């Protein structure tokens, strides 16, 4: 699914956010990405959806080098990845329903699919009460769940979630992570960046440890704090 | 410092976010506000700075009824409260330095004060390396620290922080909370809404528990999970 | 492009138009004002052109026949006038006719003409009213026919006529220049407006891109919006011009008896519609296209 | 308002102006185009007015003296003309002078006047060139003085003159209307532009409010920005008008010998500057004020 070989990302200001990162994530895996603030987690996610391109090295997603994708191919890539953004990226003026419908339509779904699917996903993230609330009327945690609902709405082959529980209480956090695990069990690859020690320790999944742009560990059934 | 008597907030869509909430916070206290997503924490914070006004009940801050404040008085209120917003509210296109300078100037500081104070606060939140980075080049945790730096920049009488560690790793979270505690020790009142069990349990400060808009508990030296 | 998408795009563009309320109104207003001024200029231009022609047709030479001319000389004169290449028409006006006209012209004051009832006392002379193919040749032709036999005198409004030609010429050039400037302004303003709309929706566009929308999926609603804005922008000037021009015509009709008639309402409106409607739509679309480019790189 | 704040606000407004790059350019462009068109209209209007006056001064009655009039009758005539309330000036033109003028006018072709060298053979008559206080009274005065003793004939360009008055009248009304429309358009466009600037900075404004900025602290930079935009918007039209009008003057000078002279460059520019500069600044400030209101409630 994702194959990174010596991926390096240097920002224009000279800041080297990722340094020769290499790893392989197979279809159907559930992987946590942990590391201090500024370690490069979001940078890696942005490259997976080609919001950024690697400065050097190759990053293959679904078997294709993302740096080489052009125009419509980028759209196709993104339609197959459900993304939960750290900053939500929801449209403030639209309702929760419209936000998801908006994304589904943009990725080619029919109105009928939307009508069927949207209540389903809102049920899954526990946001059914807020279907027709406008996004700027939501609490922080509700925003986060709306973002997750959108990401899973068109049944992507892979879900990439950046800090999906940062604004949630422990109970809701656990519910969300279990939701992602259930989706994973049905075959979807899931990649989660998180600072939430509790959920990492609880799930006992593969954990990739980033430190100042370098992978310093990669453990099956890992915990938040890297075993030495 | 803050005196709430039967404060109720009903949003236009009929949603009752706070129901007859009463409490008293004295000068120099350090208080955690905890509760599930959607419990009403941010709503309460917004009323303290008069972004919203109570539907009924009275909320006094610095001894004055916020509903009665007009024009310039609102500016004065806000200058005396350092606010850390759940959604950061930073200017994307400006540098970290300019964001803080912008806020300090708006609240009446002189250029000389700014030049002296800004490096100081960035040092305190551990963001000195990013002084001249633009905000849209920061990681989630760095954004959060920039927001905290801005809140403490003009030495407010009270600091109100909404989820100040949601995007931070446990180590950085603890550093930030200790920073707030140190400021508190010097006399500033601090009110923090959080979902972070670890820091609440560690600090053993007063905790107010919100549940669906109601205060269901208020304990000195409380823990994240309410003792029954 | 799927049919359901077309409907969706059109719906979106209208929704945006209403959602942006005053902002859309502003754009439409700008387009309307521009097209309105443009229309007014077109009307002025058309009418100046029309009036120039009318006045040019009015520019005639009056040739008075020498009272002592023989009938041979008179015939010779007719022949000369008929054969002159520059002369389009030469109408004979007998001195009786001339007197009749004068009576009409003077109206109630024709007490002045008392004593001239008797044809013998008619103080006027027989005349020819001559019009030219090229009105600008007036003075040279006049000088020439003055030398013909049987000609008692020649009259035409020399200087004023020449100045009028020059004046309308300058006016037409100025108006043309202004029209071009206005057309450019209109394109500029529409692209400016849509560019701002695009900027205000930057967030929407960014999100669409990150959830996998294609470039054209993003572009269509903006194209429709430009089109709508342009089209709506034509309505106000057309209505305004219709009633405005109508009342100008009526006012002139009521107040300026001697003023030559302007182009009739229907003809004028036809011209304005042919110009303004396609222009509004085209400007809208071009405006959208110009503004979208830079925001839609994936 | 603190002095350091004034400097800061001005700095901010300029920074914003540059930071918004093309957006500011667009606003300035809009203001410039509007003021330019306005200036052109003002120039046209001033010159139409000027030309009307020139032409009005040219409208004179030519009074030919009966060759058989006695010197008593002539003196009586002079008296009459001097006492007539409508008459401003009556210049005597002897028939010798008249012949001289004719010679000059005909230039090289004055072979036509051969045989008239001898004063005795002069075919012309003595005349008075009469100008009126109110040129529109021409025809009634002409009809009146025709009845004076010693008058052999009276001449003036009846119809053309009347039509010209009507024509310039209509033109002036139209131009005036367009000028008002354009002034309104300019205000509208500037307020529109600044409103959009305010919208684009909505986030900034919101944040400022939540960190305790006063309303006026937020307003000042926008006021300065409107002022700057308006002021910069005047530069282009002033320069354009200067060179444009200069070349129009030169062109007319070179090509239209018979055209009456237009208003000189300095006078015209003076008028335009007095109109355009305060207008640009005022529009900028008014534009800002209109647009800010609704966003600045605390």
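A few remarks follow.
Just so it is clear, A, B, C and D label the chains in written order, and each chain counts residues from 1 on its own.
Going forward, a contact is a pair of C-beta atoms (placed from the backbone, for glycine too) under 8 Å apart; a residue touches a chain by one contact, two chains touch by 3 or more.
Since this is a predicted model, take the numbers as computed values, not measurements.
The set of chains touching chain A and also touching chain B is empty.
Among the remaining chains, the Cα-based centre furthest from that of chain A is the centre of D.
In whole angstrom, the spacing between the mean C-alpha positions of chain C and chain D is 22. Mean C-alpha positions place chain A and chain C at a centre distance of 64 Å.
Taking each chain's centre as the mean of its C-alpha atoms, chain A lies 68 Å from chain D. The touch graph of the protein chains shown is a ring with every node of degree two. Under the contact rule stated at the top, the pairs of chains that touch are A-B, A-C, B-D, C-D. Against chain B, the residues of chain A that register as touching in their complex are 11, 13, 15, 34-38, 41-42, 86-87, 133, 137, 139-142, 144-145, 162-163, 166-173, 195, 197-198, 224.
Residues 49-51, 71-72, 74-80, 83, 85, 89-91, 93, 102-103, 105-108, 110-111, 150 of chain B touch chain D in their complex.
Chain C meets chain D in the complex at residues 23, 26, 29-30, 33, 36-37, 40, 44, 51, 55, 157, 159-164, 166-167, 170, 174, 178, 181-182, 185, 188-189, 192, 195-196, 199-200, 252, 256, 258-260. Residues 4, 8, 19, 203-204, 206-215, 217, 298 of chain C are the ones that touch chain A when the two sit in their complex.
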